[in-house]
Amino acid sequence: MAHDKQRVLVIGGGIAGITAAVDLGDAGHEVVMVERLPSVGGRMLQLSETFPTLDCAQCTLTPRTVETGQHPNIKLYTYSEVVKLEGGPGAYTVTIRRKKAYVDWQKCTGCGACQEKCPTKVRQNPFERGVGVKKAIYTLSPQAVPNKPIIDADHCRYLLHGKCAVCAQVCPVGAIVYEQEETFVQEEVAAVIVATGFDLYPMDALGEYGYGTVPDVIDGFAMERLCSASGPTAGRVLRPSDGREPRDIVVIQCVGSRDPEHHKAYCSRICCMYSAKHARLYKHKLHHGRATLFYMDLRCTGKGYEEFLQQSTEEEGLVYVRGRVSKIFREGDKVVVWGTDTLSGQPVEVEADLVVLAMALVPNPEQVELARVLGIPVDDNGFFREAHYKVGSVDTGCEGIFVAGCCQGSRDIADTVAHASAAASKAQVFLSRLRRRAA
Amino acid sequence: MTYSYYPGCTAHSTGWEFNDSTVAVFSTLGSGLTEIEDWNCCGGASAHNLDHFVGLGLPARNLSIAQAAGKDLIIPCAGCYNNVKKAQTAMEEGGEDAAKLKRVLDFDWQGKVAVLSLVDWLERPGVIDGLTAKVKRPLSNLKVVAYYGCQLVRPQRVTGRSSCENPTVLEEACRAVGATALDWSYKVDCCGADLAFGHGDRAEALCTKLAQQAKAAGADAIVVSCGLCQINLDMRQSGLGLPILYITEVLGAALGVAKDKWWKKHINDPSGLFR
Amino acid sequence: MSRIGVFICWCGSNIAGTVDVHEVVAELRKLPDVVHAENYMYMCSDPGQDRIKNAIQEKAIDRLVVASCSPRMHENTFRKAASAVGLNPYLVEIANVREQCSWVHQRDKATATKKALNIIRATMDKVRRNAALEAIRVPLTKRALVVGAGIAGISAALDLADAGYETVVVEREAAVGGRVRQLSKTFPYHEDARDILEPRIQALREHQNVRLYTGSRVTEVTGYVGNFEVAIATGDADPVRETVGGIVVATGYRLYPVEAMAEYGAGRVPDVIDALAFEGLLRQSMDSGEPVRRPSDGKAVQDVVFIQCSGSRDPEHHKPYCSRICCLYTSKQAALFQEQNPGGRATVSYMDIRTDCKNAEEYCQKNIEEGGLLYLRGRVSKVWREGDRVALWTADTLTGEKLEVEADLVVLAMAVEPSPGYAEVAALFRASVDQNGFFQESHIKLRPVESSTRGVYLAGASQYPKDITDSVAQALATASKVQSLFANEELAQDPLVARVDPDACSACGLCVPICPYGARELDERVRLSRVNEALCQGCGACVAVCPNKACQLKNGLVVQVLGEIEMFTEPDLAEACG
Amino acid sequence: MHAFASEIQERSGQNLSRCYQCKKCTAGCPTVTWFEWPNHGVVRMIQRGLRDELLGSKAIWMCVTCETCGTRCPNGIYLSPIMDALRALAVEEGRPVPEPAVVAFHKAFVGSAKRFGRVHEATMLAEFMWKSKLFLQKGFVGEAVGGAKLFAKGKIPLLPSSVKGKAEIAKIFAESELKL
């Protein structure tokens, strides 16, 4: 049975989007993938190692990003956003905004000269999460797919002050285009899979944990960057404040989660595991370091997760304290953590060098607007609302539009991958119905 | 089959009738018991409380003597049994304790003899059948619950029992001699004998609960296989008047070898149960 | 002489941090048939692949070695790159200098560099003797088999059937629906399980693309991806035979038996029951409008205690793993109980409340707050019969004190374990299982529904305990994988299979029984052993057993393997590797 | 791991770090009512290195080594060897003990075993009563009546019996840390 080429729009190029796109591409459908960052890979690009096997995230991810980039049925629009969806199920017209990269990607060969020579170091780059720098012209990673840079317009000296242009001078193919305008393209698609992923709840919402005033209090993604061999410290865990190796670290779970009064009522599902992982990675790097974790309930429900947790306390010597931390503050060059051990009922005070906050997982801020564009519902927490909790978690209630991964609800990589393939199956079933209807 | 025998310190004191009935039952069944030579106190509950090595060393000496005697060793008292088994386990697990015991006592455990409580002995093939065959006075009016307590069954690493929660052989033995053995849920709970000196009131609280539950289950007596459990339960049951019988006394009565002197040693007189 | 190109990947600092990649290149350039050697930060990146492609074209490279990570990662990437510029992909070999070298010798750079060089030289020795091969093309049967008709199997089968593929469904029980049939209402919206299940069962029964065998078992599976031959015992005299291209295994779970919990009465206390039995009591109560009654004497239940983690998270005695669904359904059962028995009291004994899926935390909190459920953190030590009630010892969450509680009914949230017979199913489909008997996915993160055998996929709780939502998602994922598979007209298979040297073969037949894939047969007519290339997986068992060295693997010839080994028996290297 | 935790782990042979605080030990303990801290709390305190609190506690003397906790522990941790280790440490260090009667009994018992090789109840009990000053306390009369009953039933012989291998017994004590 030779398929008519029926096209599917996949919004989001993280592991969910990639999985759905490759499934669909392998099944003979053309895929239009739209990713808002310059390259695909999503949150996994930022990760160091993954639980419970502590496999290197890049090692498992890059074969997938490469496959996506080279797949004959997948058409990539990175550094782009969906701004309009018209038509109806089976015959949508999508309008895609291609943001200003200030680089002509047709000409660019990805040689990297511009990044190397650019004189501007930017600490605010969201990818490095405040613990590392990127240049004002950058790619997300050396293995980026596609391997094309963009200019950070907020920090580029030329765009801000009209002086510098080093990148334009060193580019051997003249690909730097300071005058580049955003463009809009339209594509015809029959179905849509939304896989826009997640972000972390901002730390500045937590006054009692001192964000903004305490540089050595970081979030989970910052810890990933510090642990990552391809990260800004080449895998060394160093305090942001003074670059020293921390002797004592504290990991605090449920920060912003399970707090219906002030923050998010829901459980973010992945923090228990990645917090244990963070503490273990830290101990692997600094054998004599001490790691204390504050938690409420240990939720290690996936395959091999409970065993991972047991190993963490039994063999790796992580110290778990059951109780919420009431306050974190700076004292000298230490960060003081005040908590309670509900198991012994006694107060616990730890003088830490580095504190990692396992922040609540939230939908990307752009998701509400995207939901409006697509005409699909979100729930009270801003996640996409599924059509049926049990048997329709990838359906949106709008025919031909499906959701996958963390934009519908928090889940780990394995569950995200399964969920994405599930969305791909539903899209394929939808397309085959269309074919039969047409026949 | 003949066995080595470790009577324990209480054999000639608080557990006189336990010792006497054990010897009587074994001889009636044609099993000889040979007391091992020059055995010493196993350390009771006190030795390991104060010092790890003394707690192992005292019973290990008995183990060494039993090995030299070359026959499986019967230890009726649950406390003594558990201590000797712990010494055996320490020897078998190797490590520092084993090395030190070897050195101090000049003895190498080869695992050639088995250490048996009466519960272990009853579980051996043929023992209960042997009992059934020799019953002279079936105890059809006797209704009991069996109580194992702690030291006969736990810890599993030491006793090697497959079930630490629901042993049943004492009941089987009682039924084999015609008695009614009732089910209850307290057979492996603790009687608190270790608290008897110093906190008699606390031991009494635990024992009273057991006696009450035994009565509630419809029992006229509790059958035990431990000197400490027996005396503790017999002494501290808030005047409920419930006899506490050694399993060997029950068996002895059915085999027709019971002595009135046994019953006279009890605080709560059981003699009425055997008329 | 060959024209070999060698590319050494830094893998960031993963390789280059330990192996002196520049020295390796310098050494390799001294070899006569190396026409190109270079190193680069990430060979798998686009620019890295471009370097390979350019060099192949510019220097007419006819053999390629990439020294990088494990071939499991990027062998495919580099084979595709070579193939794109006309180099046969089977003339490309990966030298693993990361997992087998730089990662394990981080403290000794000199040794690591020496070893890397030897690994590359060994790989070059092999690639020199490689032959250009073509993929084996085999036809494909576009029919699917789904084993198990619980919610996972039904979901997978309906998607496959809706996508237009004929789907054979085999269910062991007489009725379809699996465990969901035993449930009352579901969390978190208290939807009746029947309302979820019935429409799907009906759709399955009526679907023209579905062939349903209930009360039946798969008894034999032969063949390979694209063409599995399956025998199904249906209870009739002769088994039914079906040919299918892809298989979904969805054999579900059972609860670990109450009898295994000695300290909880081992099934001897009638009012101590497992959670599925309690679902039955809830169902009865909902259907009759009567309160939930206890099994022993039918008295309406006033106090019920739920014990979570019964048999789970207990590496010493029972199951080491978390059963994932118990926290969720226990909260639901407690809430439903209070709906059915107004004024009844429900107590939950737990260790950690693991209500981690969407809306579950809010649901559980609501049940605690509004339903007044009492959650006690602590494991129950003992459960026994106390008169006509059930008593238990547990601990109080706030004071840490010991507590004796009496109840009319105790519900054990027993561990979830694989359905009985999982081992036979695993053997039939050549799908491996983990130490707990759950089917093993081929990658814990990125291939959660693929089994160890190509064309066999895993859905639902047979892979690991999961709730209905996750079971359905996983089931649909298997349907997607099967649809991707069926989009092909024929399947391409690696040609790295066994071949027979007709001059050396004595037709002794030893290779026939040793082959685990049934790929060997003896051609009595010409007295030669044959290889069914579609079945052969290139495992090499026949090579080892053949007394005449007549069996050889393509591009894995004995002489190639020995050549590689020789590189590692040089005394200086053997010493270095200690 | 805290140094105190390592020390107890070493002495008891129990892997304390496996404890995930499920409290099953506490739930099954027959004597926990008389502990200042429940069983799981004791493990927790060891993990946190609260040496003085534990070695001076009643809890360690109220454990009767019934092994219920260890038998049911999902992680196979036995508290009795842990309690033994704590008690032995307290005795070695000569700590003031909040349960003098219990300690006095253990010392009288072991002392008797040391002296005769076997325990002789009459002299042992006399020593215990004297050292524990139990006769000064409330409830003594009840205890004494119980003892008297046993005596009357001929359950407490007057003369001790002793073993020949006293040299071996002495060696066991000499090799220990125990001072009576």
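We call the chains A, B, C and D, going by the order they appear; numbering starts again at 1 in every chain.
As a working rule, a contact is a pair of C-beta atoms (placed from the backbone, for glycine too) under 8 Å apart; a residue touches a chain by one contact, two chains touch by 3 or more.
Please read these numbers as outputs of a predicted model, since none were measured by experiment.
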item: Chain pair with the higher count of C-beta pairs in contact (B-C, C-D); value: C-D
item: Remotest chain, chain A as reference, centres from CA atoms; value: B
item: Interchain centroid distance [CA atoms averaged], chain B/chain C, Å; value: 52
item: Centre distance in Å when chain A and chain B are each reduced to the mean of their C-alpha atoms; value: 65
item: Gap in Å, rounded to a whole number, between the CA centres of chain D and chain B; value: 21
item: Numbers and ranges of chain D residues touching at least 2 other chains; value: 20, 37, 40-41, 68, 75
item: Residues of chain B whose C-beta touches two or more other chains; value: 164-165
item: For chain A, residues contacting two or more additional chains; value: 298, 310, 343
item: Chain pairs that touch, as defined at the top of this document; value: A-C, A-D, B-C, B-D, C-D
item: For the chain C and chain B complex, residues of the former touching the latter; value: 262-263, 265-266, 268, 384-387, 391
item: Parts of chain B lying in touch with chain D, wherever the complex brings them together; value: 9, 12-14, 16, 38-41, 43-55, 57-58, 61, 100, 104-105, 149-150, 154-157, 164-165, 188-190, 192-195, 197-202, 206, 231, 235-236, 264-265, 267
item: Chain D contact footprint on chain A (complex, rising order); value: 298, 310, 313-315, 317, 319, 322, 341, 343-344
item: Chain C-facing residues of chain B, complex; value: 163-166, 185-186, 216
item: Residues of chain D that touch chain B when the two form their complex; value: 11, 30-31, 34, 62, 64-68, 70-71, 78, 80, 84-85, 87-88, 91, 99, 101-102, 104-107, 109-110, 112-113, 116-121, 128, 132, 134, 139, 142-143, 146, 149-150, 153-157, 161, 163-165, 168-169, 171-173, 175-178
